[in-house]
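Let me give you the structure first, and then I'll get to my questions.
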Amino acid sequence: MARFLKNRKKSHGEAPGSLIFIGNQKMEKSRIRVIQYNKENLVEKEPDKIENAGTYVRKGYLTWINIDGLHDVDLMEKLGNMFQLSSLALEDMLNTDQRPKFFEDEHNVIIILKALTFDKDSSILHSEQISFILGDNYLITLQERVGDYFEPVRERLRNNMGRIRTSEPDYLCYSLFDTLVDSYIMNIEAVGDIIEEQDVTILKGAKRNIIEEIYKHKTEISYIRKSIRPVKEIMTHFIKSDSKFIHKKTHVYLNDLDDLVTQALEAIEIYYTMVSDQLTVYHTNLSNRVNDVMKVLTIFAAIFIPLTFIAGVYGTNFDHLPELHYKYSYFIMLGVMVCMAGVMLLYFKRKKWL
Amino acid sequence: MARFLKNRKKSHGEAPGSLIFIGNQKMEKSRIRVIQYNKENLVEKEPDKIENAGTYVRKGYLTWINIDGLHDVDLMEKLGNMFQLSSLALEDMLNTDQRPKFFEDEHNVIIILKALTFDKDSSILHSEQISFILGDNYLITLQERVGDYFEPVRERLRNNMGRIRTSEPDYLCYSLFDTLVDSYIMNIEAVGDIIEEQDVTILKGAKRNIIEEIYKHKTEISYIRKSIRPVKEIMTHFIKSDSKFIHKKTHVYLNDLDDLVTQALEAIEIYYTMVSDQLTVYHTNLSNRVNDVMKVLTIFAAIFIPLTFIAGVYGTNFDHLPELHYKYSYFIMLGVMVCMAGVMLLYFKRKKWL
Amino acid sequence: MARFLKNRKKSHGEAPGSLIFIGNQKMEKSRIRVIQYNKENLVEKEPDKIENAGTYVRKGYLTWINIDGLHDVDLMEKLGNMFQLSSLALEDMLNTDQRPKFFEDEHNVIIILKALTFDKDSSILHSEQISFILGDNYLITLQERVGDYFEPVRERLRNNMGRIRTSEPDYLCYSLFDTLVDSYIMNIEAVGDIIEEQDVTILKGAKRNIIEEIYKHKTEISYIRKSIRPVKEIMTHFIKSDSKFIHKKTHVYLNDLDDLVTQALEAIEIYYTMVSDQLTVYHTNLSNRVNDVMKVLTIFAAIFIPLTFIAGVYGTNFDHLPELHYKYSYFIMLGVMVCMAGVMLLYFKRKKWL
Amino acid sequence: MARFLKNRKKSHGEAPGSLIFIGNQKMEKSRIRVIQYNKENLVEKEPDKIENAGTYVRKGYLTWINIDGLHDVDLMEKLGNMFQLSSLALEDMLNTDQRPKFFEDEHNVIIILKALTFDKDSSILHSEQISFILGDNYLITLQERVGDYFEPVRERLRNNMGRIRTSEPDYLCYSLFDTLVDSYIMNIEAVGDIIEEQDVTILKGAKRNIIEEIYKHKTEISYIRKSIRPVKEIMTHFIKSDSKFIHKKTHVYLNDLDDLVTQALEAIEIYYTMVSDQLTVYHTNLSNRVNDVMKVLTIFAAIFIPLTFIAGVYGTNFDHLPELHYKYSYFIMLGVMVCMAGVMLLYFKRKKWL
Amino acid sequence: MARFLKNRKKSHGEAPGSLIFIGNQKMEKSRIRVIQYNKENLVEKEPDKIENAGTYVRKGYLTWINIDGLHDVDLMEKLGNMFQLSSLALEDMLNTDQRPKFFEDEHNVIIILKALTFDKDSSILHSEQISFILGDNYLITLQERVGDYFEPVRERLRNNMGRIRTSEPDYLCYSLFDTLVDSYIMNIEAVGDIIEEQDVTILKGAKRNIIEEIYKHKTEISYIRKSIRPVKEIMTHFIKSDSKFIHKKTHVYLNDLDDLVTQALEAIEIYYTMVSDQLTVYHTNLSNRVNDVMKVLTIFAAIFIPLTFIAGVYGTNFDHLPELHYKYSYFIMLGVMVCMAGVMLLYFKRKKWL
């Protein structure tokens, strides 16, 4: 199936804003996890229904609701009502082929991003859509499947490390972003590692199917680029936004993250160029080998074809062929042949073919 | 005929603004369909004459006039008079090679777009020009032929689904745009699918005429790009326009659409690069095969040419050729030949030609 | 001679602003044609001297002075005095290698453009410089030779078609521009036609000198691009200019023209890419043919060289060569040879070389 | 030595602003030439010492001091003191690998440019740094060696041609710039001429070392581009500067010059692309020739190898080889051989190899 | 390991702003060097502990603290407390894969840059991260290892050369930047030198492994570009910053430096293109050589294969082969063979293969 642009077929002709899940259902049942905390306390819950999750949002506490599994359209609709999300926003969150996106209204700031996972065996990248809904004292995150991207942040919350427990939801949101950007960098590094290691193989030119691999890596890099490039735009929106939910003091962190995304994009460009160059180098090396093969052929042909011809001449059955009857003819012929071969070898040596 | 820029020959030398239909007449008679509706009622009509269609536009109702078939210059002229369209606008709508365009005056907002249809058999894209005239309480759409792009929207109108029946004409206009953008994405996906499937064929290198196909796909992608790129500009104009016919609350929908167009363009760029890479990979694979063929040739030649030479020497008819008369000469010769062949095979094995 | 940048040698070291004609004199004598008109009347004259032409400019009339032939420096100087043109402006109009240009002062708006003519036989584009001097109630056009670009506009003036007779000189100027832009599009279409037709030839790969043609087309497209790209800038200047000679109501026409120029440039880019791709496709096809030739050679060599060797062995004249004396040796040898050839053919079949 | 970026080694570790001459001393002794003039009078002097030159600067006159030879650090230091040049400015003027540059303070406007000379024999461009110091009533120019770029301007001054004697120093400065830009265009034309002529040679593919030349031209064009690109920036600075030394009325001339630089850069880009294309065309032509050589080889091999095999079979010495003894065997064999060769020729003809 | 983007693995999941050293520890113990000076006095110290270093910062003096070795997290933490550095800033300084960066708050201006060292033996560039903390009357520099980049500046301080002793810390900071930019230019020159020298080798095409070297140089240039490109951004930030620690009069120096960085980047682009071109030239030359080899083969084959065939025909043992019995048959055959060879040679001469 087309990987770089998926059809929104199911919703084709539907009213924009109708809620339909577009994607592969990646888990059986949606899982809701709530972490409610302030400086002093932290409570973790796993309510069955989203309605219950909503009750945790209250003054004096910061509530992080994490929902794994997007296919439950009913749940999403309820969520939309509870937190005053526009139907268009809900639709975008449900469409797992949505381009990364930032939008804000008076109730929420909504950001849709991609998380990347590199499958080392198949050398293929998988992406998962993750949505953030940032409100006054809550943050809701939606993942396609049970993600472990956010576990380190959860750990920090539990252990009350750093400033995370004392900060606003935008800082929590930033911390989660940071985990995603880290995942980008890890993936780029993983692909980059393979590409850099390939250098040696390509210059030696031994492996036959390397061209498939080069091409595959190039496609993977295109895929990463497609996923990360809009993140740069989103960072800019995020930093420039004057939403009341994004506080001045978080800006320095966002700027830092923005830098990291820039660095990631620059690295992608370099790897992209490297892979293109590897293709060229491989092709040139191939020509080098063709040239080598040709030389071997030419040397053999140029030496033995004339000699065979001479032998052929004295193999003719003419009645009058005077050389045949001299006593040393045969040896003279052999001598001439050795000379000719020697001359040819010298010629090829001077041409640097040997 | 030149596909990427058609001559406006017929109008050459004509006063700009003269009404002339430029294009292939795609249907016999223009067909006029009117849908007049408000929250409570919906009436569908098919008047014969455009004059009759005009009478449906009245207060309290939203009227959507859809005209299929552009070749009836007379009809267009009447339409222009009825809705105060400038002659330049009419000329642009009649020229089916018009670049997608947005312009507004105090009477109307006019948008000219392209719809794309991908013919799977010939792998060729056809485009159709669709014009939108957006007024206070009416929307007029002009299509080159009886289009079925808009049927889903008609269905929604009839079934009173979503907010479409209660919204202004700009929302109807957006809904129709949405159908077109969906058609772009479907086409990109269709071409993209083929391109991604080609990967396997190219890496195997089996099919001979694949190069024609690659080249054809590249041209099709250029064609899509040419059609969609100006749509991005138009979305920007549409969103930034302060025309009284475009309402604030429609902006969020337009922004969403704008995002979709961006996503489409990004996918096009990726597919374009992929096709270029496929060309390179194909070429490199070809060199690989040339190399293989060369190796087979060289191995045969390098082994048998020297052996044939030796046989040739003992085929000569010299009177004095001592080796001929030893009892085991023949077997010694065969032995030497086997050895030589063995050495050559070893040599080629070490060179990794075998 | 360098086609893409001509030396201003003659004027080298001259004071900037000295009047010197740079170019090839394309006609013997300058020809002056005057059309003086208002809504009711139209008079056409061909005065001998520019001084006489000047007398036609008067209140209540719009005067269009068209001068064919630029080499008459004296005439130009008089023109400059009559219409208060700066010497720098005159110098630029006389230099036929001038880059398209827009400048305005309190007396005039001056625009220098290129008209393109495609010579179908030689497939070479020729360009001609055309200058426009737009004043309060007059328009002066300067052409290198007697141009027929403007004849359709003259015809419209005579027949009082459209709004041209009732409009200001800027509309006349726009109408003439429109003719030039039409000429660009016709030329792009002409070249584009040839390029699109070449597709078939290239994919078949029959014609040998096609590479020369591809390269020639690429150069022609560079030439068109060089000529048209600055026109885009000039349109922007023209539209944004607040000169009193350019009226608000002409803007809508200029915008339309600007769109056309954009469309032309986009088409040029596509054709440029197509030609580059054709070069690549041609090259790849060539490699395909080399591969085919190689296969034929290898098949013949690989089948017959070993057989010839076997025959050679039994052509030796050893006294003791037991096989020679068996009754069916010859037929056994033939059988073995047929088998070997069969095996080789099967091998090549499996390799898909046959 | 690295041509595109020279090390400032000598000054490495020196305080920025220390005066050190970096470059090759191109003449033995610095030469100072002073032209002092107003509308009525013009005096030319060649003072020995820079101190004397300074005395010529006085009210009512415009003084142009031209210094050839930059290596005299002492002279430069005195110059700096006399005209209040910052040490950083002096350092930049002495470093002959300085990037073209514009800077202004309350005392002077300083511009550093490159003049280009194309050595036709070696096809190599040499550049010379020229600095301009523009003050209230004086202009100082510094050249690496005795330049003849400025002679035409001197001539115009002496002959009181054009407006030069009555204008401010900025007009004189502009006139000198004009000479330099003319030199750029002459050089581009010279290289461009060679490149355009090469077209024929490349398409014929006769000359072997053409690839060296193509590559050399590409490097030269890079060199010109590197020299001219910053000039465009400088023109912008010059035009936008609100220094009191640059007068409004000079702007129209500077704009004209700016246009010329743009034209030069566009031409460079075109030539650059042409050279790249030539490389591709050359390569493709080469493949064409390889293909031709291969065909000749294959035709000879495919015709004669089977025939030789047949002859080989009848050259075997089997006791029982019935065909040998029929009367017409030999002629039948010859006939078969002719038929086979004919079939092969037909086959190659149909494949269009002949 | 991936060279273009290193994973921040260790800090993955850590709270942003936690202090962790990321990089290879390049020295055993951090070394602290303090230079405290004003116009009259200069004191150099090497305190053991950072706490002691802090005491040197006092009114009336400018204090430069240089710390070599970043791995001592404890030291860094103390430094952060003493000079009110944010934990995010500290984290960035400790991460040696940090992208060059500029940020300012009310306490400090912090700049992170890279120094480059070119290892001539391995032709590989190493980079070292250097951080600058610029305060009111102090400058702190952090290096990964004991650098000798700054020695010339230290020398100038000791010898009281130029304006350095009388200027603010921003001028000292600029002087150190200048040393780094010099190091960039030296490295570009070093790589550029090698690339320009390669030209000859490549055009001759002798060396086999040159393709590895070309590819290596291309990667090195990517590496330099990656390191220097952000420096351009930083210069812009630095110049535009309105921090109280950056004084107006330093701007002229920063502008000069900015120019130098631009020049460096332009040179990098040129060298990058040169290396790409070298790859193409090498490939084309290779095809040239393949062509030459082919010609030799074809000439030998085309001359001798037909001759061998003829000899083969007269080597057959037919009973009735009339030519065998004529007296001069053998000599006629030899004559015919010489003629045939002559014709072939002429043919090849005319084809310019000889």
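By written order: A, B, C, D and E. Residues from 1 in each chain.
As a convention for this text, contacts are C-beta pairs under 8 Å (C-beta built on N, C-alpha and C of every residue); 3 or more make two chains touch, one makes a residue touch a chain.
None of the values given here were measured: they were computed from a predicted structure.
Peer 1: For the homomeric pair chain C and chain D, should the interface be classed as same or different, according to whether the shared residue numbers exceed half of all numbers used?
Peer 2: different
Peer 1: In angstrom, rounded to a whole number, how far apart do the mean CA points of chain B and chain D lie?
Peer 2: Centres of chain B and chain D (C-alpha means) sit 42 Å apart.
Peer 1: Between chain A and chain E, what is the gap in Å from one C-alpha centre to the other?
Peer 2: Centre separation, chain A to chain E: 26 Å.
Peer 1: Could you say which residues in chain A touch two or more other chains, in rising order?
Peer 2: Where chain A meets two or more other chains at a single residue, that happens at 283, 287, 290, 294, 297, 301, 305, 308, 312, 315-317, 321.
Peer 1: Given which chains touch which, is the overall layout a line, a ring, a star, complete, or other?
Peer 2: Per interface graph, the chains form a ring.
Peer 1: Under that contact definition the chains make a ring. Starting at chain A and heading to chain B next, list them in order.
Peer 2: A, B, C, D, E
Peer 1: Mind listing the chain A positions that touch chain B in their complex?
Peer 2: Spelled out, the residues of chain A in touch with chain B are 1-9, 12-18, 86, 88, 92, 99, 101, 103, 206, 208, 211-212, 215, 218-219, 222, 226, 229, 279, 282-283, 286-287, 289-290, 293-294, 296-297, 300-301, 304-305, 307-308, 311-312, 314-317, 321, 323-330, 333-334.
Peer 1: Going by the contact rule at the top, pick out the chain D residues touching chain C in the complex.
Peer 2: So the residues of chain D touching chain C come out as 151-153, 155-156, 161-164, 174-175, 178-179, 182, 185-186, 188-189, 192-193, 196, 199, 203, 252-253, 255-256, 259-260, 262-264, 266-267, 270-271, 273-274, 277, 280-281, 283-285, 287-288, 290-291, 294-295, 297-298, 301-302, 305-306, 308-309, 312-313, 315-322, 352-353.
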